[in-house]
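The chains carry the letters A, B, C and D, assigned in the order they are written, with residues numbered from 1 in each.
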């Protein structure tokens, strides 16, 4: 079993909703409500779900941009919140970097590409100017950009080229985990393929692990080793990517796949009839009781609106759904 | 054979700016039949949205101008109409849905007002009749509890619901042609699937012709009957949807289809087209795709390829096709 | 609500500005003319006399601005019949040469404005960035000061200070700057709040950059444009404020020439000696017009989004 | 909605206290009024005696304490020179100021909104450049110079209008137009830019797609959204005019607040100056609050969020 790089245990993040003169909290938005996952060195875990699922909140928690209400993030087995300031600066922060969604806003428009890529080195290492400059040229080459482009400003590049610069910046400190928040969704189709191939090559070359946030299932299948389908702050299906995509168990996963599949009009009748969900995404302020998906689920049973299902192993991966529980037997805890 | 609602012949639209002339649309021709959904597909800045705005003659003044071509709607040449006559067409004969539901509705007026406005303008109905029309437009788009929703403000609705309101506005006067400019791009996958299913149903009910503009091939496969693939201001290939996906001829079309990751199987590497789309300011002579085309020949750099009709409804402009 | 994670392509659409030729020429002029006027006046102010070079009597101005000669008082400009060429723009009721006073007046008015601009923009920027980025108490304190500054126009503050410390150059500078930094702080704070939410600031935090480094390297370079635009627009406003103070008798004390008190001198002689107030009025208008035109041109060039300044 | 109003009220009170302290200290620091009151012959003791009965001999915090207790009792102190309770003087001057300010504000706002919208809709046309030129001219010409020239032309040489003072409607024309001319440009520029932003938005594009005539798109859809930002500034401008109209009041010797405050400052009549500043502050902060509340009613989203 390759060594575990990062583990999330029962992560929770609740935002208080306040009302009245004294800012009394009258309710909680449970953005993420008990998320657990593991990332192995050199592997990619994808968090998939629609808006409001809480995938970006998980990413922010891992990047320490937001503090969790409860739960633990373990880096190489020890809890990040117990790290001293210097531990964070020397061990955690340099090994966890990120590439963000929008190439037009993830770079300071007033900085040359050379300084953008070098900033992580300038802030965290004591390399000399010459060593840093050399490292920047190396990184540019790795992401397929020419050395002379180091002196240009971000606005002189296309979307695809900017994402390459963002990847170079993320690699500057030889990180062990890169959080990719919707890395290609703002790019054109043909450019997307270039960046996805690049990310995969770099993973193989440097044994990098990725935590990918995405809503496009096809992109996820291409990138991921394991996948977690999220709905309204909870994981509803979690496991090895091939298992989840070949035998989707949870009704929501199946609906997501049906909505993303390329079914041509005339093939529609042979393949599984498309699942069209009714209703709208409920508000995270007061999620439906019991199973949070029951209000939109075609297979909802009596129990679904009362008891919240457990995330349990069924076959080769985990699912949170009463339909997949043996009737009568009390579901053993996973 | 349902009759042709809209026919566009050699449409040319340019933007005249300080730095020069942007040929946004450079000789585009297509037709749309009643009850048919015609897809306009391509990457960003390929001219699909500008084509849509040209049909409604709503190009940003004074830069944007239609410099050539003919647009006939039910036999009327839209280029010959004056401002007033064109305004009667907009919203009545041709209507449009925009991309971002968060900004398409006026934040300070209720949903009912905004739908009623179009109805009152084009159908000269008495006030209480307008109310019924508004409710029926909301019901057409299957918006729950329309009687209450009429008094809501846009910010009280989710993105998906707002896009349905925009749909109600568009369909409120039973247009002949509906242009949908990336209507589902800003929506989540499941809401998008709902919206597409809804419009397929509406098309069956009303027989409205739809021009669907998108860059997402999943959406194209689900809703379009015929598709035109655009690149740098012109159409490179037009064909029924299944041919585009199963047997594309133009190198750009097949490259695009291959570079889309598949959900039903795991690909190891994706085919990707090298280089960047050309700037519309100084378009290269000859075929626009030549600099990036894997099957490029000498002539491709010199002259623009003619459009060749291969079979009924399938035409390609590429020198490899005789 | 809907997170912006749609995959709409955000390729930068070509910036299309459909300015006709005539509008483009006009825009070019709004840059060239103001620059010429302002540089002329700045040169005039510098070389009014070379006292600062130790040559007090060498001066550009034909006469000592404060030399009184009752003999040729109230002389009209040279083109009028009793006008003479040695007092090109005529003399005031104490026979002092209007042209020389205008030249020396330029030195005073410009130095007041430039000094005030430096002080207020510096304080405003520092507090604006700190307030905007750190939020909390600094921001609350900042907002209360801006509320107070609304009820305290500079004229009132100047009057109080002038009366207590006696009207002088430093009083005027202090009076205008005391609350003059509030508009800068408000603008810079707004821009900082906007910048703080953009991805590249979050990215800087991810790589462990300190708040100080973020404010210096990421926030400050991106607020320079709006800062320059406001500073240019302030030139005009400050000259008028200084002139108004002098007009009310709480600004630069006579006999030192300031455009404001020159207009005040000719205030009730408008019918008999119109030129005493008119020429300084024109001088003020010229400088202010150039400042505003230059400010507009800079705003369109640097950052059209800031149209509302 | 109530919570929002209470918080804003709290903020205004803090600001008011800040202003009271600031003005109290500044006036005390600004020289010794006893000297001004003393006649040429009065000796050192007489001056000291004047200080005592004015309570100036106590420390500033003590004086502030007395002052606050008086204010609560409604007595803002007595004018040193006019020997009348300050509130009376202000009571007389404030209406005059309002009589000048309100019409100028209305004229300026109407002009600014009309020209701003027209300027935005006919971009770079003749009207737009004309509007821009008036805007820049208005801000460039010094108020007092415009006032003097106007007096010279209209009253002195053409004898059409009175040169100064309060009186029949003809007395209002010049001061109101001068003040409006100075006020209009800034507002016009703001309305124009706010209108331009709204006209670029998607819902305006959709309004045109609906086939609405341009005039409805502008005056119904665009205007209401474009009003929001300028209205808040318009409110603040009105409040600032109270003291801002000093110049026009001095040139036209219009017996308003601005006029008597200049007299008060020059004569170091600190109780009067103090009272005026505080009254004006209450007025300004009050109007700010009213503007915020009106803001909520124009933009329904804020009304729902606040309640």
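Worth pointing out:
Heads up, the rule we're going with is that a contact is a pair of C-beta atoms (placed from the backbone, for glycine too) under 8 Å apart; a residue touches a chain by one contact, two chains touch by 3 or more.
Predicted model only: the values in this text are computed from it and were never measured.
Averaging Cα atoms per chain gives one point for each, and the point farthest from that of subunit A is the centre of D. By C-beta pair count, the most extensively touching chains are C-D. In terms of their C-alpha centroids, the spacing between subunit C and subunit D amounts to 22 Å.
Distance from the subunit A centre to the subunit B centre is 32 Å, each centre being the mean of its Cα atoms.
Inter-chain spacing, taken between the CA centroids of subunit B and subunit D, is 53 Å.
Looking at subunit B, one finds that residues 43-44, 100, 158, 188, 215 touch two or more other chains. Residue positions 51, 158, 188, 215-216 of subunit A are each in touch with at least two other chains.
Touching of two or more other chains is recorded for no residue of subunit D.
Here subunit B touches subunit A in the complex through residues 43-44, 158, 160-161, 188-194, 197, 215, 217-218, 221-222, 225, 241-242, 245, 255-256, 259-264, 266-267, 269-274, 276-277, going by the rule given at the top.
On the side of subunit A, the complex with subunit B involves touching residues 50-51, 158, 160, 188-194, 196-197, 200, 215-219, 221-222, 241-242, 245, 255-266, 274, 276-278, 280-281. Against subunit A, the residues of subunit C that register as touching in their complex are 1-3, 5-12, 198-200, 202-209, 213, 217-218, 221-222. Those residues of subunit D whose C-beta lies close enough to touch subunit C in the complex are 11-12, 14-15, 18-19, 22-23, 26-27, 29-31, 124, 129, 132, 136-137, 139-145, 148-149, 151-152, 156-157, 189-190, 192-194, 196-197, 229, 236, 239-240, 243-244, 246-247, 250, 261-262, 265-266, 268, 273, 277, 280-281, 284-285, 288.
The part of subunit D that touches subunit B in the complex is made up of residues 201-203, 205-213, 221, 224-225, 298-301, 304.
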